[in-house]
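Sending over a structure as structure tokens; questions will come in a sec.
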Amino acid sequence: MTNNSTVQPLLRIKDIRRRFMLGETAIEALHGVSLDIHASEFLAVWGPSGSGKSTLMNIIGLIDAPTGGEVWFDGQDTQNLKDNAITDFRGKKIGFVFQSFNLVPVLSALENVMLPLQIQGVSEAIARERAAKALVDVDLEKFKSQRPDKLSGGQRQRVAIARALVVEPRLIIADEPTANLDSENSTMIIDLMRQMNRSKGVTFVFTTHDPRLLEHVDRKVLLRDGLIVQDEVAHV
Amino acid sequence: MEIDAKGLLTNGVLVKHWFLCVSLLMSAAAMAAPDAQLLVKHADRARGGGLPGIVWDIRLQSRDGDKVADEQHLQVRAVDDASVAEVLEPLRSKGTKILQVEHNMWLTRPGLSKPIPISPRQRMSGQASNGDIAATNYATDYEAKLVSEEKQDGELCYVLDLTALHKRTTYDHIRYWVSVAHEVAIKAEFYSISGKLLKTALFSYDNTIQFSGKSIPFVSSMVIRDALIDAETTMKFGTVKVKKVAAAEFDLGQMQ
Amino acid sequence: MYKFKLVNTFKLAFRGLSRNRRRSLMTLLTIALGFSAIALFAGYTHNIYSGMSRGVIHGEMLGHLTLSKPGMSKEGKLYPERYLLNADEVNRISELLRSEPHVKLVAPRLAFSGLISNGRASTIFIAEGIEPSALQKIQEGIFTQNEAKRGLYDKMLKKLDPAHTEVVELSSGLAELLHIESQGQAAMLVNTISGQANALDVTLGGTFDTGNAGSNDKYALVSLALAQNLYDAAGHADRLTVLLDGVVQTELMRKRIQTKLHAAGFDLEIKSWNELSSFYNQVHGMFDMIFGFIFLIVLTVVVMSVANSMGMTVIERTREIGTLRSIGLRRAGVVRIFTTEALLLTLIGCATGLLITVLVRYGINVADISYTPPNSVSPTPLLIDLDVRRIVVAFVLMGVVATLAAYLPARRAANKLIIDALGHI
């Protein structure tokens, strides 16, 4: 992937701080993180636990606001947007894959994938069509009527990926997406994400503390104690 | 002239006799067809009407079915169209007064702050109905018509039909037996508008009063019998005196 | 999430409810039972009201409207002569009324009192004078179709003979008091309107029960002609009773008639049957109050049940809420999901309650239960109607209340920070 500094980055965060109050004590999870992520990048944020990876993911994903610093997404300053505006923005441009899958248990796989589209107001027919296609992309067409409790961990995560992809987002955030999967499924998931990245050009950012998964990424960002200590571009 | 003087004389006497007879007959008829209204006036007087004032005592006994009430002793003062009766006995009713002025009636008792008006409805029964009958002005309230003559209790009477002249009277129609000899009413029958007999009253006149230098018989007892229920009231009148009664006696405000 | 179509919202809500079947079912049953309690009691009171209204309008012969001179109801008893309608007025007003739609009957009435005697003793009486044909017509609506079919109550109807005005009906206590037997004689003594004494012989045609121990030894029902005769008031009436073809017409016709009579130059006071029957109003008021209490209690229980149920659901689905927020669901959308679930649960609960109501109602109506209400002489069947109006109100209020009960916990969940929600176990 080329790093075109002349092209505007998809995501630019400047000097991000995040402080949490734990009773009377304040904990600074991020001390001043700056990062540019370009479109179609496939990168991992890694580091020991407690390094602030999840916090960084939350801020990038616009589901958390920093205590200080700027977040520019797709050229837009996201700081001063009202909650409804951020929510809509998020729904259209960002997809999420969670560690614990977070599928709605009372909906079928297809219905789960349709959900983000319907939230945006897409008609049921179109949502169904697009969701079906997304499930085909993750090779789960046969299971589209199954509820999550009938699927394996790997299958569930694939549904989650389909759900993230169905809105055609600019960026997909995956916080420890393989932590609840065995090594075989883990690899499979990362490969799937990479495949989607290559074929659709969707930017993927995921966190992991499993170094083996880092072999599959283009760029690795090491986070330690709330600061970026290394930002390596790997050769594929 | 020597005409048949005896014949002429006889004829003259006959003519005179005839003339005398006719005039006698006519005056007799005139006397035999009395002024009914005047009769009623005289009868009223014997019960207290048309006098400047009269005071008398009444002892009253009433019976309702088998129940005999305590005897009541009242003193009555009356003028033409008003009367006030005060209860003297029994002790528990002492001081109760019933005032009648024309067709209105009130009752008052020691201890009452205001006199109580007695409506026509309430005069249908009880003490008030007796008071109603005892009121005397038939001459002004009724038009009298002579109907017949008949003996009542051994005495020859004119039977008069009295028809009410206005609607303020209690009884629309009264049948009145007035003694021919004494011009006092011996019996009265009181009828409703529908013609139903409601009460009967029988009178005796053993009292006398002095008025305009004359002695006039006055009522001594009245027995009122109810036609609809088995009830009867007997009133005995005593100590009758003609006496001017002050207007103040009939003043409602002074009743206390 | 206002773009999210209604069908989808309900589908999602339905799925949501099925997450914890037992909890949903318990809440649903609570709502259902509460609803049926309201609906059954409303149906019971509805039946009572309609029975009472028939009793007042047809049994007590109040008709739907009563017209009289202003002041009649206040001073009429003391000075009747001032408030009587004379013959000309009665005829003209009756004619005006009969030309109106919905008017079934215009009956001149004359009430009076006096003494009645059997020849030995007398006692007071209060009488109603009414034309025999009007008496028959006004009683036509007393019975329900069922009761009329059975024919058991026919002897309770009062009758007057148009050919014999001297035949009267006396309340049974009065006939007994004076030992007057059927076809026996008595005399009525009254004062005419001008205060004169008047009396007539009467014959006892039949007796009736006033249903009230206090008045059962005083009442008499006589022909209007007899009343007018006794009162010496030919053609007069103290009021006009108007019978309409349906209770619902009462208010409408009252206004119409008032306007029409006013235009014709008559200044009359018009009172409706429910204004005149203090008994009806008192019973109605009392039952309304009880109903209000029951309704309030049921609503409170429903609120607490739903709030509890929703509260627990919201806590259990915090992580899900966080997820939905992440993928683009607005705060309002979160609130909507849970309030819709509560609303749906309540609607199903109310529908179930309605089903229970219908079944219980059928059971009770078929069971032929009877009881003797207060101040009454004979037993009344226990029947339950369907009070549609109150059922609809119950549906609506329960829905509103349940939605509100879910609102607070839902809002709390929606306002939670996404990262906290996601991190929730």
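Residue numbering begins at 1 within each chain, and the chains themselves are lettered A, B and C in the order written.
The rule is simple: a contact is a pair of C-beta atoms (placed from the backbone, for glycine too) under 8 Å apart; a residue touches a chain by one contact, two chains touch by 3 or more.
Everything numeric here is computed off the predicted structure, so don't read it as measured data.
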| item | value |
| --- | --- |
| Touch-based graph of the chains, sorted into line, ring, star, complete or other | line |
| Of all other chains, the one whose Cα centre sits farthest from chain C | A |
| Chain nearest the overall Cα centroid | C |
| Gap in Å, rounded to a whole number, between the CA centres of chain C and chain B | 61 |
| Rounded Å distance, chain A centre to chain B centre (Cα mean) | 125 |
| Whole-Å gap separating chain A and chain C, where each centre is the average of the chain's CA atoms | 67 |
| Interface residues, chain A side, partner chain C - complex | 58, 61, 63-64, 83-84, 87-88, 90-92, 95-96, 98, 100, 102, 104-107, 115-116, 118-121, 124, 163, 167 |
| Chain C partner contacts - residues on chain B that touch it in the complex | 64-65, 119-121, 124-125, 164, 167-172, 190, 192-194, 196, 198, 228-230 |
| In the complex, chain C residues that touch chain B | 114-115, 117, 119-122, 187, 189, 191-192, 194-201, 229-230, 232 |
| Chain C residues within the chain A interface of the complex | 1, 3-5, 8, 15-16, 18-19, 319-320, 322-333, 417-419, 422 |
